[in-house]
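The structure under discussion appears below in the form of C-alpha cells.
By letter and in written order, the chains are A, B, C and D; residue numbering begins at 1 in each of them.
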C-alpha cells in the first residue's frame, strides 16, 4: 500500500476520492474530465477489472493518451467494443452500468442536479450545456456519483431546472413512482467534502470533510440546514501512487489544473503532450499488468 | 435521519473473468427446470441443443422463444422438452415440412405445446425491448392481421402522436439465451461474422448467456477491430469452444449448410419413431460435440469448410 | 433480346413472370426458393442495378452458389451489408423496400394470405410454419408479389387465418386505417396465371393466363366468382436466356423441380453442386458485367 | 371493377448509382431554405458545415437537430442561420463554455433561437424511431425531470404492460442528415470506424443524406467485410471526399482532436466580433475544404494524423 501523498491539489484529492467509490469488476459510465482520471486511478490501483463505457460508443478502452471528449478518438484506443451511443446507454437503461458520474451547476438536498439553465427556462439568465448524458446516467445507472464545485451559491433549496433526477421530492419511493430504474445518487464529492444520502429521508448529509476545510464554511455554503454525520471524518488524502498516476496521465493538468490555458493556441505543446505520453503510460500499464 | 447511506444495488454486468467451459458444464450450470430459453437461428446453436437433450431428464420442461428457427427447435420439441413456443416461424425451410412441429401441435405427440405467434420483426423487437430495459416496442407489422387477434400480448393502441394504430409487443427477457457465433475471447467478447439475425439483441435481453464459438481468440484480437464486437463481455456467462457447432446448419465463412444431411434428417423425422431413432443415434448416442462430429465424420465437415472457403473468407473477396 | 424458350417448366414460367415484376434500381425483400431465382434472373437480364435484401441480415449479395435459406452463409457472399434482421426489416418498415415476395397456403380475393394454420387456430387440422417475415413484407413493402400453387382448394372466400394482410376486407383505405404503411399486393403469380387487384374494389382479377391453361379450369379452382380482365392475355413465356440463367444457378432444380429428393442423403451430389457452381456462375457474371 | 391495377407507389431507397460530388454541389442540391438539418458529432461534419455557412445567403434559416454537439453547431448558430435547435447538449466539452450558444439564447445575438431539450438517449431514440418508420420510441430517461416538464413533445404515458410511467419521444426525420465518416464506395456504402454515436440512425432517419469521408474505396473493399458497412447505399444521396473533414475535431484512426486549435477558436468566440472575424478568415475566406486545410496547414494536419497512427490503426493493436 502506497503512502499518503504530502503534496497534492484539491482536484487530485477529489479525483482520488471518486476513485475510491469504484469497485473491482464494475462497469462505469464515465464522461471525460475528472471522472475519467478517477476511473484510470481506480483501474491502475485497487480495481484492475474495472472498465469504463464512454457515451458515444466505446467500452473498455485502454488508452495511453489523455482522452479529450466523450466522442474522442482516444476513447477508441484498444477498446473492447466501439460503435453506438445506443449500445452503451441502452445497456445502462437495462441495468448493466454499476456506476456513473455526473456534474452540474446546481444541486439540491435530494441530489437533483441542474445543468440546463439559471433563471427562467424560456428567458434564462445563464444558459448551460443541457443534459447530454447526465440525465440518462441519473435515471438509469445503478448508482450515481456527483462531482461539483461548491461555490457558496450552488447548493440550493430548489434548483432552477432538474436536468438529472436525484431523489426528486425526497418522498418514499419517489424515483420508482416516476418510473426511474436506476438507484439514484450515492455520493456527492465537492471541493469541500463528501456527502451521502440518508436511506430513509433521502436527504444529503455531510459524511467527510476535506483536510483544512472548516465545518462552518461548509454549512455556510449550503442553502438548507445541512445535516452532518455524527461520525464525520476527514477525507482520506490521495496516496503517492494515486497522484503519480494522475500526473502521468495528465501531465499538463488539463483536467486537474490550468492545462487548458497553457495549451490554447500552442500546437507544439499540445503535440508534445500527446506524443510523449506513449512510453510512460505503456510502462505504467506494464507494471500494473493492465492489458 | 439515521445517517445510513442508501444501500448499494446489484448490477447486471457480468465481470471480465475467465468464462471458457464445456457445453455440459454450461448447460448444467445455467439451464434449470422450466427455463425460459431463447435461441438464435443464425447460426443455430446445435451443440448446445444436443447437450440440452442429453440433460433432458434433469431439465424436464422448457418454454422456448425464437424469432424464426429451422429444424433445431424441433429437436427440443420432438424430445418432449417444450411446453410453449413463442415464435414467428418454425419449419424446415428448404428441408420442407416440419413434421415434428406438426405432430406436437396437431396431435400432442410427444406432448401438447402452446404457441404464441408473432411476425419476425415483432418477435425481434421483443428482444430489442428486453435488450434496452424497456417493457415494449412499437411496430407496424402485425396490424390488421390475425397475428394480433390471437395473441393477447400484442396490444394495438392509438399512437399518441399520430392517432393511427400501432402494435406494441411485450419485451422478452429469456432466463438463458443460447447462440453459436464465430469467435470469442476468454472473457466473453464475441464476434459474429456475416448475417446474424437477432443474436445481438438475444444476448442483451437474456439474464444468462451461453455462446458456442468456432474459435477462441485473444483480447488483443478483439481490440484490433472493436467495431466487430457483436456481444461485449458484460452480457456473457459462458464461452464454449465448439468447432462446427452449428452443423447441420451453417456458420458464415466457416462452413455452409449440410443440405444432404438436413434433408435426410427431415426424412427420418417424418415419424416419431424415426425421430427418436435419429436422436438415439446422433444425440443421446454421443457424449459430447466432438463425438457427434466424429460420427458425422470430420472428413465430411472439412469438405463443407473447404467449399465455404472457396467462395468466401472473412476479410477477403474470393 | 433473347428468343422465347421452347422448352421450359411451369416453375420456370412462374420465376420468369415474377422476374418481370422487378425493375432496375429497386431494392427487393426476398426469401429463398423461387423468388430468389426470379431475382437473380432479373438482375442478370433487365435489372443490373436491382439488389436484394435477405431477412436475417444481408443486402446485395452476389453469390455464385445456390442460397439454401434466409439465414444461409451463401446470402453473405460478397454482400454489401451483413448484420441484423432489424436493419433490413426496419428499413422495410420505413419504406426503403420497393418490392417483397411472399407465399402461403391459402389466399382470399383481397389478397390476404394464410401460412399459419388450416382449421381452428387452437386446434388446427394442419399447423403451418407461421408468419416468419411474410407478415412484415405484406405490412410494409411498397408492393408485394405473391407466389402460390393453385390447387383447386386454396383460393378461398375467407382464409382460416390472416397471416399476411392484403387489402383486408376490401373497404376503401382499409390498409391505411389498420395502420399498415406498405402498398399491399401488386400481383399474384400462380401455376395457372397472373392476377392483379383492382384499384377501386381491391378485388383480385385474372390478368394473364398461362399457356395451355383453360379459363374454365382457372375459374373452377377459385372459390369466389372470379373477375377476368376484358384484356386477358396469355402469360409471356420465359426467354431462352432466362431459362439458361435459372439452370446455371439451380442445375439440380432444388427450387424449380425435384432437386431436394435427389440430394436427400447424397452428400457427394450435394458437394458437387456446391463446388461446380463457381466457374459457370463467375463466367455468367463476367458476361453480364455484374460485380 | 375497372380492371385498373393498384398504382405503384414510390419507394424511398436511393439507387446504387455514382454519388461522388463536391461539398458545394451536395449542399446546393439538398439543403434548401428552412431545412430541418440533422448532424452527427462523431465525427463532426466540419467540411459540410463550413460549406453551409458559405451558402448562408441562399439557405437563410435552418432548424437543427442534434444529440450532443461540441462546437460545430455553434458555427451555424453564430452565423445567424439557426431558428431552432432540438438537442441534448450544445457546449464546448473540453474547450469549455460555449459563448456563441449563450449569446444566442440569452441575448438573441445574432438572433433568437428556440430550444427543445432532451437527454442524449431521448434524442438518439428519436432518430431510432425515424430510422424504423415509427412515430415514437419509449425511454426511461427524462422521467421525473424538468426535461419532460418543458418539452411537450415528450409524452409520459402509463406503460400498457406494467402500468408504470414511460417517456415517449417523437420520431425525428430530418430533411437532410450530414455526417463525416471514414470511408465510402462510389455508390454510397459507408464505413464508420471506432465510436460513431448516432451516425447510423441519423442516416437512416433522414430524407436525404450527405456523407463526407476520409477515403473513397471500391465496392469490393466494402464487400471484403460487409459487417463494417455502417450505412448501406440505399440511404445515401451524396458522397464527398474530404480528407481531414472533421478538423478541429477528431476522426477515429485518422487524426485526433486539435485541442490547441479548438481552445483558440473558443477564445475568439468569446465575443460576436471575434466569432465573425474567425468565420471571415477560416470559413468565408476559403473557397473550399482544401483551401481551409491549406490555411490551417497540411503540415499540422499531418502531425495530427501521425500521432493518431502512432497509437492506433484500424485492424492493428499498436
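Please note the rule applied: a contact is a pair of C-beta atoms (placed from the backbone, for glycine too) under 8 Å apart; a residue touches a chain by one contact, two chains touch by 3 or more.
Predicted model, so just to flag it, every value in this text is computed and none were measured.
Undergrad: Please indicate which chain is farthest from subunit C, where distance is taken between mean Cα coordinates of the chains.
TA: For subunit C, the chain whose C-alpha mean is farthest off is A.
Undergrad: If you tally the C-beta contacts, which comes out ahead, A-B or B-C?
TA: Higher C-beta contact count between the two pairs: B-C.
Undergrad: Using CA atom averages as chain centres, what separation in Å is found between subunit B and subunit D?
TA: Spacing between the chain centres: roughly 37 Å.
Undergrad: Measure off the straight-line distance from the CA centroid of subunit A to the CA centroid of subunit B, and report it in whole Å.
TA: Roughly 39 Å, centre to centre.
Undergrad: With chain centres taken as the means of their Cα atoms, state the distance from subunit A to subunit C in Å.
TA: Roughly 57 Å, centre to centre.
Undergrad: Which integer distance in Å separates the CA centroid of subunit B from that of subunit C?
TA: Going by mean C-alpha positions, subunit B sits 28 Å from subunit C.
Undergrad: Going by the contact rule already set, what residues in subunit C reach two or more other chains?
TA: 58, 76, 78-79, 82-83, 86, 90, 93, 140, 181
Undergrad: Multi-chain contacts in subunit B: which residues touch at least two other chains?
TA: Within subunit B, residues 133-134, 139-140, 159, 164, 166, 193-194, 220, 223, 226-227, 317 contact more than one other chain.
Undergrad: Who touches whom among the chains?
TA: A-B, A-D, B-C, B-D, C-D
Undergrad: Could you list, by residue number, the parts of subunit C that touch subunit D in their complex?
TA: 25-27, 49, 51, 58-60, 62, 76, 78-83, 86-87, 90-91, 93-98, 140, 142-143, 181, 183-187, 196-203, 205, 207, 227, 229-231, 291
Undergrad: Can you name the residues of subunit A that touch subunit D in the complex?
TA: For this pair, the touching residues of subunit A are 32-33, 54-58, 63-65, 68-79, 82-86, 89-90, 93, 116, 121, 124-136, 138-140, 161-165, 168, 174-175, 177-181, 254, 260, 263-267, 269-271, 274-275, 278.
Undergrad: With touch defined as at the start, can you tell me which subunit B residues reach subunit C in the complex?
TA: Touching subunit C: residues 41-43, 67-68, 70, 87-91, 93-96, 98, 101-102, 105-106, 115, 117-122, 124-125, 128, 139-147, 150, 156, 159, 164-167, 193-198, 200-201, 250-261, 263-264, 267, 300, 303-304, 307-308, 310-312, 317 of subunit B.
Undergrad: Over in the complex, which subunit D residues touch subunit C? Could you list them?
TA: 1-13, 15-17, 130-134, 189, 204, 219-220, 222-223, 226-227, 229, 232-235
Undergrad: Mind listing the subunit B positions that touch subunit D in their complex?
TA: 133-140, 155, 157, 159-162, 164, 166, 168, 170-171, 192-194, 220, 223-228, 314-317
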